[in-house]
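Going in written order, the chains are labelled A, B and C, and every chain counts its residues from 1.
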Amino acid sequence: MLARRGVRSYLDRMNLSLPFAIVGGAILGLLSSFGQFSRFVGDLIRALTDVRTWGPLTVGQMRRLGVDSLPIALFLSCFTGIVLALQASYTFTGAIPLYFVGALVTKTMILELGPVLTGLALSGRVGANIAAELGTMRVSEQIDALETMAYNPIAYLVVPRVLAGTIMVPLLVIFSNVLGIASGWITSMNVLDMTSAQFVRGSRLFYDSFDIVYCIIKSTSFGLTITVLGCYQGFNTRGGAEGVGIATTRAVVLASMMILVLDAFWALVLLQ
Amino acid sequence: MKWKNEALVGLVVIAGILTALAGAVWLSGRSWSGEERTITATFRGVGALEVGNPVKVRGVNVGRVTDIRLSERGDGVFVNMSVRPDIVMPSDAGVLLASESLFGDWMAQIVSRGQYPDLEFVAAQRGRVLPGASLPDISELTAVAARISSDIETLSARIQLAFTEETALTIRQTLENVGEVSDQLEGFIGQQTRTYDAVSRNVLGATENVRRTTETASLTATDIRTTINRGDVQAILANARRASANLETLSSQLSASTGGIPGVIARVDTTVATFGATATALNQTISALQPSLAEVGPTLVEARRAMGTLSTAVGAIQQGNGTLGRLATDPALYEEMQRAIETLRRLMADIQQNPAKYIGQVQVF
Amino acid sequence: MSIQLRGLHKGFGSKKILRGLDLDVDEGETMSLVGFSGAGKSLTLKHIVGLMKPDAGTVHVDGLEVPTLPREKLFKLRLDMGYVFQFAALFDSMTIGENIAMGLRKKGGMTQAQIRERVEESLALVDLAGFSSRFPQEMSGGQQKRAGLARAIAYRPKYLLYDEPTSGLDPVTTTVIDRLVLRMKKELGVTSLVITHDMKSAYAISDRIGMLYEGRLVEVGTPQEFQESRNPIVRAFVEGEPGLKHDAEEPLPMGGDGAAGKGRKR
């Protein structure tokens, strides 16, 4: 809006500095938001020393953000496993041995779909929840109230959520993987006419112990990203209910995007 | 209320960690119990065996290979295997390495050496080290085919120079050689067959027929010695030469194909197709022609050739680690092979059932 | 032992709110700050408690310079200050009792039983005895406001900063609050700064009243002096005369004044 208004007035005056102003403005905006985010992360790291504030609250957040997200994560992975098994058998027509279904389900679930789908679902559930909650606290001055009572709001509100997310998301992903593979297994046995032994053989065929490490690294980074972005957006909410809405949307969109970017990043860094 | 929260979170965290560990162990196929027994065996060479390959007793998975290392003097290989502590070892236990599947994965089998009298187990120099042997790669068997071909060629050259009673004796000896070699071949393939699927069973069937044919042929040779008919000898000579030439081409093809793995499957394909056509043609020819001694030579050679081709096919599959995917995606190749084997079978059955049709004429001598 | 603002400047972007504000609140005094909406009254309070950093100027509380105070010392200072938020700003995930206990816990030195006792005592002071296990959303706006006040006074601060404590309350409750402000001063010797629109209330509780206009204090005086002031701005404000130009009511970033709080979800 500002730019458009700027364009019109500048065009009228044929001011040639306009393109520079736009580029400069964009860069400054980017730098300032990056700076703000870095400061937030810095505060977050510093607040980690305030164990007495965040310590007792972390378990509650682990329950709220982690344990209570278990149903959605499991629901998602259950169906993913079924679909994976069916699509694998559909793809492996003809002479490719059927037990490759087991290999595909297991490998895909652990390496990609378990972490990413759970991450995306949680960026909706957890990220939005955090952004909306902290955003509401911000606009209703509850965060200011915390500060006036000498609480460090980062230690009190952000650290427990970030820690809870970082710890719980990998665990949720592990449960998702197990259920996804199990549902793929059951589907293979009941729908695809495979034996249990075939599925297990396929599962073990390409398994590498690094797979699980990779999965945990990846999902930990997802948990961290979702919660940090949710907290950051919530913490910097401005202006009423609308602001809370904007913060929530932004938290979800950014977290989802970052999950996909991180997904590619880890694949490049760890699987090359 | 507060306690309940903590208990629930703790439960989920612990369950998650345990699940991850259990999953990792389960997926890697390791044993659950920590109790393991390590056995060591020594070999001259270990083929394609790798750490992590299964250890089996009578086909049952009992452990895995944990370490492969060269002996201090470099003249052998020690293989450590971690196995279930409760397995009962045969009194004359030995470890036999063989391929486990068409993927080219190998396995170590704990066997009783008495069951494999024809295999040479490397004696253990130290106590508690089991003697071991590894089965030859099927591709090695093709070398035998090449030797046979050169034998026959030499033979036919000699026959042409001077066909005397002496040479007839040589023919007989050679044919006996052939019989021996094919017995040997059968032995090898028989051992391989325990680990292969249907394809190998067909190979075994074919080999069995080859052996019988060879016996018949050696009988024929005895007749040749007693009765020398100049006119028929010419025919024998011509056929023998042609057959050996065929065989030689085949062996050179084989050695060429085993050289470059990418080409292997294509080569096997054409070879098998050629063979299928040849066998069919042969079958027709044999039933159409007046049966004569002349046919015995080509039949024998073709049969051997068939066997050689099949061995190569299997060998190539085994050599080309993972080429099974390509073999499997080309059902035509597989069917061709099956058809070829079928034709061969019919031919052999015919020879067996009506030897007179092929051999009858010989009795006239 | 007092609050002292000197040449305070604060702006957001091109919008300058405070333009050289000087303000003194002496020890044991109750001062009211009046002014039009958006004049920067709440912003002034936030500077005193250290939630905002000034663009220029100094803020001294208890002889300490708030904007440059290290975190630990600032937190310690804050426990000497009670802040009554305009819309209570109660933590809605906690009961009223837990809300009030927050400050007490942070201050430390009290047993659980003592904390519970103090919570009930504070609630009784604002006529909310027995409300400690209620959640904020189960209470009316006025009740929430009083609970917010109870939270601020519970840990016995030396300074009390009230952000419109009586706005939106019925006349009877307003009187209760006014009396409470006076009582805190009398019994605990609290130094108070009250932001208000309500002149009646301001006259009742204040030792001095200050008028904030265009980022500066344009008039300071006792209620008596204020009522008799000849300053046209003061007259217009006291009598509710429209026509005076005052700063537009655009919401501030950081939810500084009214607009942000109104959008709170309940």
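Just so it is clear, a contact is a pair of C-beta atoms (placed from the backbone, for glycine too) under 8 Å apart; a residue touches a chain by one contact, two chains touch by 3 or more.
Note that this is a predicted model, so its numbers are computed, not measured.
Novice: Between subunit A and subunit C, which partner chains are common?
Specialist: Neighbours common to subunit A and subunit C are absent.
Novice: Where the centre means the average of the CA atoms, what chain is farthest from subunit A?
Specialist: B
Novice: Kindly work out which chain lies most centrally, taking the average of its C-alpha atoms as its position.
Specialist: A
Novice: Counting C-beta pairs in contact, pick out the pair of chains that comes out on top.
Specialist: Looking at every pair of chains, the most contacts join A-C.
Novice: Round to the nearest whole Å and give the separation of the Cα centres of subunit A and subunit C.
Specialist: Here the centre of subunit C sits 40 Å away from the centre of subunit A.
Novice: Using Cα averages as centroids, what's the distance between subunit B and subunit C in whole Å?
Specialist: Taking the mean C-alpha position of each chain, the two centres sit 94 Å apart.
Novice: Cα centroid separation between subunit A and subunit B, in whole Å?
Specialist: Using C-alpha averages as centres, the distance is 55 Å.
Novice: So in the complex, the part of subunit A that touches subunit C is made up of which residues?
Specialist: Listed in rising order, the residues are 136-142, 144-152, 238-244.
Novice: Within their complex, state which residues of subunit B touch subunit A.
Specialist: Residues 5-6, 8-9, 12-13, 15-17, 19-20, 23-24, 27-29, 325, 328-329, 331, 334 of subunit B touch subunit A in their complex.
Novice: Please name which positions on subunit C make contact with subunit A in the complex.
Specialist: Interface residues on subunit C, with respect to subunit A: 46, 49-51, 71, 75-76, 78-79, 81-83, 85-87, 89-92, 102-103, 106-107, 151, 155, 251, 253-255, 259-265.
Novice: Hey, which residues of subunit A end up touching subunit B in the complex?
Specialist: Going by the criterion above, the answer is residues 59-60, 62-63, 66-67, 70, 94-97, 106, 167-168, 170-172, 174-175, 177-178, 203-204, 207, 209, 211-212, 216.
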